[in-house]
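Shared between the two complexes below is subunit A, which pairs with subunit B and subunit C, respectively.
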Partner chain A sequence: MTSEAVIETRGLVKEAGRRQILKGVSLQAAPGEVVGLLGKNGAGKSTLLDVLLGFALPSAGDSRVFGESSARLSAASKARIGFVPQQDELMSLMTGAQHLALAASFHEQWDRALIGRLAREWEVPLDRRIGTLSGGERQKIATLLALGNKPDLLVMDEPASGLDPVARRQFMVTLLEIAAETNRTILFSSHIVSDIERVASHVWILREGEIAWQGELDQLKESTVRLLLRAEREFSAPLSLPGQLHCELNGCSAMVVLRDWTADRLPEIERATQSRAELVPLTLEDIFLAVHA
Partner chain B sequence: MFTLDPHSGVPIYRQLLEQVRRLVASGQLKAGSELPSVRDLALAHAVNPMTISKAYSLLEAEGLLQRNRGRPMTVAARRHAIEPLASRVRQLAPQAEQLVRSARQLELDRKDLRTLIDRIWESGHDK
Partner chain C sequence: MSTFLQLLRIGFWMLPLQRWLTLFGAAVLLAGMIFHPPVNSPGPTFPIIFLGVGMMVLVPLFAGGVFLRMLSTSRALLLRPHARGRLLAGATGILLLSASVWVFAYWAAYGQAPARFRPPLEEYSLILAMTLSSGTLFAVALFIASRSPLWTLLIILFWQAPGLLLHISGVEDASRLLGGPVSFGMSILVWVAFCIWYLRTRRIHASAWGRRQDAGAAVATATVPQPATREQAMSRWLLANQSAPQLGLYCLLAALAVLGIQWIFAREVDAETLQAIMFGTLAIVAVVTGAVSKSMAARSRALWLPAGRTRLQLYGWIERQSLLVTLAIGVAVGLVSMLVWWLNMPRPSIPLAYLLSAMLVPALCAGWLGLMQQHKRGLLDVLAMIAIAAGIFYGLVRPLYTGSPAARWDMLGAQLILAVLLREMAWLRWRSADWRRAQRG
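Let's turn to the complex of A and B:
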């Protein structure tokens, strides 16, 4: 365990009945990182967040936040975490203003100025009962509740899913503002790839309970590439190059997606496939699809 | 000043790196010119600040930019000479090769390509 890590898991397993939802997940997040947790529906994203935050116990393995076991977080550590669940747990008879005032009364460090400013910028109708608000408006209030305590770790499960494009963009800029000013860690799950591509510094790709990739987004984009191969003769058999994620043959040309790419591999691949190779960069969405192909 | 596309396959820091290099090479960014802060640039483009600061650090290591205490980063002095035309042309060669390859795949000839480039040049030229 490094003292630097805000989140650290090792070999995390979570079973539900006979099904393994998490199959040995080892992860790390450091201060200042904005981590996008990406995965298809049912990949285990919400379960992973639940185990990280101590809402569910792991079946095996270890999960730590601020160096403490997730299952036994101290009150002091809990106070450093803000969480926005996918389904909010707001009290529908209260108004937004009442709900925020209630939360503020529990926390000595409540940042009234920040919350007031964000509520105005996000146009949150604070004077209406929460039960009468739209999903997006409720999501905004749930986020304000998580931010008010100035958490060192902000965890959000599908945070922007209920927001329209304008509100989403605004929300993302706010996240970046928070990330730029302090050494906070933000972890958010999403299947909206373009949001993650914009704001995340790091990406965790979860596929069927396993980590298919974790690391810097920039590095992911540089190390996962598409090669267009053109040969003199038709490709007779599917290629199997080191680190190959995907391959499509089309007569004399082939398209492969490779991981662990470095430019010095080009000549060797051209020799092995007797073709001319052209490198095409991939977007995060391309990479996500290739990982799931 | 910069065009950053987070949904391109090219990482943002690399896009910024290349654009700063080009602007300095052409003299559009002169020695002593100030660059926007990491925070301002990240928020203006709604992209992660880490990728911006990575580009600035790499440009500083290259000697192209200079970090100043309590002031914005500036273009370093010793690089103020505008790079010769030949060297600037060389920097565009990879993209040009790619363009010509794509044109050939589409069976366009030189004239078609020139017409296209002329049109883009006219419409996008902001000077």
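Let's turn to the complex of A and C:
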């Protein structure tokens, strides 16, 4: 295990009955990274976060946070973590202010100024009972609860899914500010690929319990490309190029998505397919769709 | 310390009802201590002071377990340093505080009494032990009951078993069992075992009623294999995939279990007291019919569109379902009542027909009170609850306890009028139902 890694897993397996939800996941996140966790429904994102934070025990493999086993985190390590669950687990009888006061009582350090500022900026009604709030307002309170202890590691499971576009943009901007302020690591899962593309420095793509990609977002976008191939004759058979993720044939043209791309591969591909190749830019969403094609 | 103060606030001050209870209780307590009204003799202010203290500590002492589960279910709590330990320490602190206030009330009540009436020191320690025993029992039992009510019976049996064994073997005075060293020791043991489990377990699940709200929909729509008509599907949704006969059967089993325990513990008391306890307990069926109807009213919101009815037609249909459930539960309670009537020698002086009516009419009232909860809860509902409770006490428990042969038909008539009024009120509320506000409320 690397000593400076905030999160590190090796061969993580999680089984539920006969089904394997995580199949040997190995990951690493360093301080200051903003990691976006992408995956389809049921890919294992929430389970991965549960195991990482010690809410669930792995069936095999090892998971460490701040160098400690996730299953046995010390109080000092716990004080450095903030967590926003996918579905808020707030007590509907209490007000937001009462929730925050109770959470603050567990920590030696609690940034009341930050929480007060964010509550004002996000227009969170702290004086109303949780049961009377909308889903988005509850999600904001859950996020405030996770930020109050100034965590070195902030883990969020679909944090912006219940927010409207304006609130989501505002939320993401704040997230970036918070990440930039200190050497804080942020790990958040989301279906909203554009959010991850906007704020993440690193991406983990989870596909059916396995890591399909992990690394820097820029590197992912540089190393995964879409080629538009134009040939003199129709393509007779599906293409099978090294690192090919996806291929669409349309008469004399073909659209292929390739991973592990380097510029020197272009002449080789043109030769092999007897076509002219043109690079078309890819968004993260395109890459995500190609990975799952 | 800070967590303890937050828990104090949750225990005594979180909801408007708690605030009123705390404030009113404190006012009554102070009035009792200052003015020493001569309520009875020889303990001059005993009932007044205990009424005040009782109101103050009612919620924290007896509902602490429910609050503890609610606070413990969040996964984020596992990431707060020593959070569970602090919550437990806070809960223990509140138990100690409530027990101390109770003992203080005892001391205050007898403060002005002549010396010969003042209780000895031993009496105070007995009261402290009894209060702590009851507090820990309620905390653990309600923590468990809020998830799985049946397990609570085991806790009660485990807690009472040593005292019961001593009692059966004639070792100890029955009246001292609760505060006796063995029972007190068992309470501490149960509390310690609970604390160890609480600190070691990884995940504490949400309360049963919260879980059923979510699970019911999935079960009703996803795992029912046979095709269902719209009314059958609506009925399944309304009763969380249960049916009226099933609910009646559960009530039958629960009533048999509770009465069995009561009979074990109280069989040596006089016949009138035992009858009052047993039939009075059976009359608590009103709480069940009220709770089921309230749940039906809460779930009715989801039927608003799929039912294809106007809201008054929907009310009519739900009312019929509620009456079916009340009937099923009534039959179950009636059967158990007749069994108790047959076993319990000598039999009560009041007629069986009156006895059954006095148990079932409050259940009917509570059913309509539950349906009223769809919208606009307020003072009227509280008054109706008090009226139903008073009806059970004066119409059933008191005549049985005093051994009076005269049936209180006037009381029964009043309750029937109350039932009609509640039905009309429920109908009026449904006519102007505001689903959104009802959900928020």
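The working rule: the second predicted complex is superposed on the first by the 293 of 293 C-alpha atoms of A that agree within 3 Å, B and C clash if a C-alpha of one lies under 4 Å from a C-alpha of the other, contacts with A are read in each partner's own complex, and residues count from 1 in each chain.
By our rule, contacts are C-beta pairs under 8 Å (C-beta built on N, C-alpha and C of every residue); 3 or more make two chains touch, one makes a residue touch a chain.
From a predicted model like this one, the values you see are computed outputs, not experimental measurements.
Participant: Considering only touches as defined above, state whether A:P281 meets subunit B (first), subunit C (second), both or neither.
Facilitator: first
Participant: By the touch definition at the top of the document, which applies to A:G32: first (subunit B), second (subunit C), both, or neither?
Facilitator: Touch partner of A:G32: subunit B, not subunit C.
Participant: Output check: A:F83 vs subunit B and subunit C. Expected answer is one of first, second, both, neither. What do you get?
Facilitator: second
Participant: Return first, second, both or neither, reflecting whether A:H191 touches subunit B, subunit C, both chains, or no partner chain.
Facilitator: neither
Participant: After the superposition on A, what does A:K221 contact: first (subunit B), second (subunit C), both or neither?
Facilitator: So A:K221 only meets subunit B here.
Participant: Is A:L176 touching anything from subunit B or subunit C once the two structures are fitted on A? First, second, both or neither.
Facilitator: First partner only, subunit B.
Participant: Please write out, lowest number first, the residues of subunit A touched by both subunit B and subunit C across the two complexes.
Facilitator: In subunit A, nothing is touched by subunit B and also by subunit C.
Participant: Which stretch or stretches of subunit A touch subunit C in the complex?
Facilitator: 50, 53-57, 73, 75-76, 78-79, 81-85, 89-91, 93-94, 98, 101-107, 131-132, 142, 145-146
Participant: Contact residues on subunit C for subunit A in the complex?
Facilitator: Spelled out, the residues of subunit C in touch with subunit A are 2-3, 5-6, 9-10, 14-15, 70-71, 73-76, 78-83, 86, 202-203, 440.
Participant: Name, in rising order, each residue of subunit B that touches subunit A in their complex.
Facilitator: 6-14, 38-39, 42-43, 46-51, 54, 101
Participant: Applying the document's contact rule, which stretches of subunit A touch subunit B when the two form their complex?
Facilitator: That would be residues 32-34, 169, 172-173, 176-177, 179-181, 194, 197-201, 217-218, 221-222, 278, 280-286 of subunit A.
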